[in-house]
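One chain, chain A, links the two complexes that follow: it is found with chain B in the first and with chain C in the second.
For the complex of A and B:
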């Protein structure tokens, strides 16, 4: 897939940071607002797909290697399972929320009932959201990138 | 009508009957048959997991294994797609 016109490239360059920031916001506030790692990762990955469509897969592949995306995705998966195993180590069971109630990182328990949200709550839930978000971003962008690069026409091949 | 058409109409009406009876016999919205698990999660999610979003507390804490399976599915899908398209990307 080759790039599109200059107008499309400019507009996607302007909107790409906004989409990325919104997706990262959804990931980071997964324990407070609707959304989470999967949803925010899908938003960021769709922004990356927009860049892929507007700039073309050859331009993107010269900057982002699919191998690095695989490494990032595996890193997210390993972090997720590692957090679950830490629950087994510090708590009693697999997936134990061992950080909650410790008043350390993300360990504050909010006041009961509906109220203003504090980001420093949730125990391991925000950390798991980050891990899953990284995994979803890298995984979905890797899928789209590989498929787009495979469907480029013969004449564009270097 | 041929026998083929009659068979199609019969099977369609049987499936439609199942759907209609299912829709008629469903419990009313917001009144599930068993409320023990829902009430337990709604009352205790904030103090037990520290997350204001009860849905995320279910997905990442109470039902963490489900999310682990979901992540495994995504990982497998990505690995399969990259494996299939690797040869075309040479």
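For the complex of A and C:
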């Protein structure tokens, strides 16, 4: 796939950071608001797909390697399962939320009743959201990238 | 902490670990394959070896009569309605043993068989994912969880069926498989919704204890049996199976046999456990449906196998026929379950059907591995072009003879033991059933004698002059299965008493399964 006109490229470059930030926000607030690792990851990956369409797969492939994406994807999945296994390692059961109530990272238990949401809650759930987010960003972008690059027409090889 | 404590701890957590270990291994595999191919192969075999030892550890405890439950994320069973729950009884453990043996043998076989291929990191990742999915289906006690694992199994196996993407027919088979699987999975999801709407529960034991057998439940039963039978390759929903079995790499076919049987396990779990309470009303009709499906599956599978000329497609149709025996055995058990005069018959039929699940996995699996070995050595699957291979491949020939005798139910192989149990018990229900079953076995023998003659016997063909025996890893894989077949054939009594009978009893006494989660449940005694 080759790139599009300069107007499209410029607009994409401006909106790409906004889309990415919104996606990361959805991932980070997964335990508070609707959405989570998968949904946020899909948003970020769709931003990447927009860059792919506007700049063309040849330009992107020269900067991002599919191999590295697949490593990131594996890392995300491994992190997720390791977090679940850590719950077992802390003397309880698989998938146990061992961070809740420790008052450390994400370990605060919010007060009962209505109030403003506290991002520093949720225990391992936000961490698992990050892992899923990483996997979905790398996985979805990798799929789109490979498909776009494999379906490019012959004349565009440079 | 001494060793006994550690084993206790492992045993307690083994239901979760059995799924978690292959899942973790699956995602570490692509990272390790950056280092070295051999290291990756060893890692995959070790991962599955660890899983297998966990399965055996768990099974050794479950077969003594304990039912294991494992609650994810919490130590107490305060809210069984919302907790994700694994529940392992003897039937689950029995199926898990089959799946894990097949996967382990398949990766050993793949070492040489898949050596020439690229993209092997993805291949091994998918195999581990598929194993995790199958084991999850067999161990879970939650219907929605069952659906999720079913999807994991279908997606990874569809990708594996289409692994040889340079062959158009493999891709077609993979596409067919994913379409059939998706339709089946949607049926299952719909019936889960019907249960959830009525009983507010997804847990199998919860649903079983609340089962009212309303009109909606009948619809859900039909959908569940149809979808799972479709995934198990029961005639008339078998059209995907010969394609998928014959076009996938042989090592993948071996695991696919396990995946279809995991779906078959789903049929039995639904009929016996979830609808266990409704069995007073419906067992006879459901049982007869299973028996009739079994008879059709048997006859059509064998009839189609006779006319095939492609080696793997022929074995695939005989695998369809073998599924019929399991359905016949278990269906007979369901028909006579409530008749107090025929309790022994019912138990014998169930034992035969369940034992045949394992025997079929081993026999058909061995034949597929032999077909793969022949393909590896000659690059040829058409029976019309093969011939005289016994001169060059003597071990493979011996393994094929063992598989041939086992699959057609000849003594002293394991197939004889389970088929005899099925013949004897179905004869008491209706002699015609057992006559059809024996007839199918004889036809299977005829089919495979023909294959044996055209592939292994006859004059040496000049084009196969340089054919050599296959590499060691493939021989080890085939030898392992052949050894198990002979041991099971020589000592069927030990196997039936130690693992098959507990599994049959676990299906019949579904009340114990429910009471493990809902202690106040009184039915199913």
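By definition in this document, the second predicted complex is superposed on the first by the 156 of 158 C-alpha atoms of A that agree within 3 Å, B and C clash if a C-alpha of one lies under 4 Å from a C-alpha of the other, contacts with A are read in each partner's own complex, and residues count from 1 in each chain.
FYI, a contact is a pair of C-beta atoms (placed from the backbone, for glycine too) under 8 Å apart; a residue touches a chain by one contact, two chains touch by 3 or more.
Being a predicted model, the structure only gives us computed values, none of them experimental.
Of the two partner chains placed around the shared chain by superposition, chain B is the only one that A:139 touches, whereas chain C remains out of contact.
More chain A residues lie in contact with B than with the other chain of the pair chain B and chain C.
In the superposition on chain A, A:110 makes contact with chain B only, while chain C stays out of contact range. Contacts of A:70 after superposition on the shared chain: both chain B and chain C are touched. Once the two complexes are laid over each other on the shared chain, residue contacts for A:100 go to chain B alone; chain C is not touched.
In the superposition on chain A, A:92 makes contact with chain C only, while chain B stays out of contact range.
In the overlay built on the shared chain, the residue A:81 is in contact with chain B and with chain C.
The interface of chain A with chain B overlaps its interface with chain C at residues 70, 74, 77, 81, 84, 94-95, 97. Chain contact summary for the complex, chain C toward chain A: residues 13, 16-17, 20, 23-24, 26-31, 34, 70-75, 84.
Touching chain C in their complex are the following residues of chain A: 70-71, 74-75, 77-78, 81-82, 84-85, 87-88, 92-97. Those residues of chain A that touch chain B in the shared complex are 30-34, 36, 38, 66, 70, 73-74, 77, 80-81, 84, 94-95, 97, 100-101, 106-110, 112-113, 115, 117, 121-125, 128-129, 132, 135-136, 139-140, 142-143, 146-147, 149-150. Interface of chain B with chain A (complex): residues 46-53, 55-57, 59-61, 64-65, 67-68, 70-71, 74-75, 77-78, 81-82, 85-86, 88-89.
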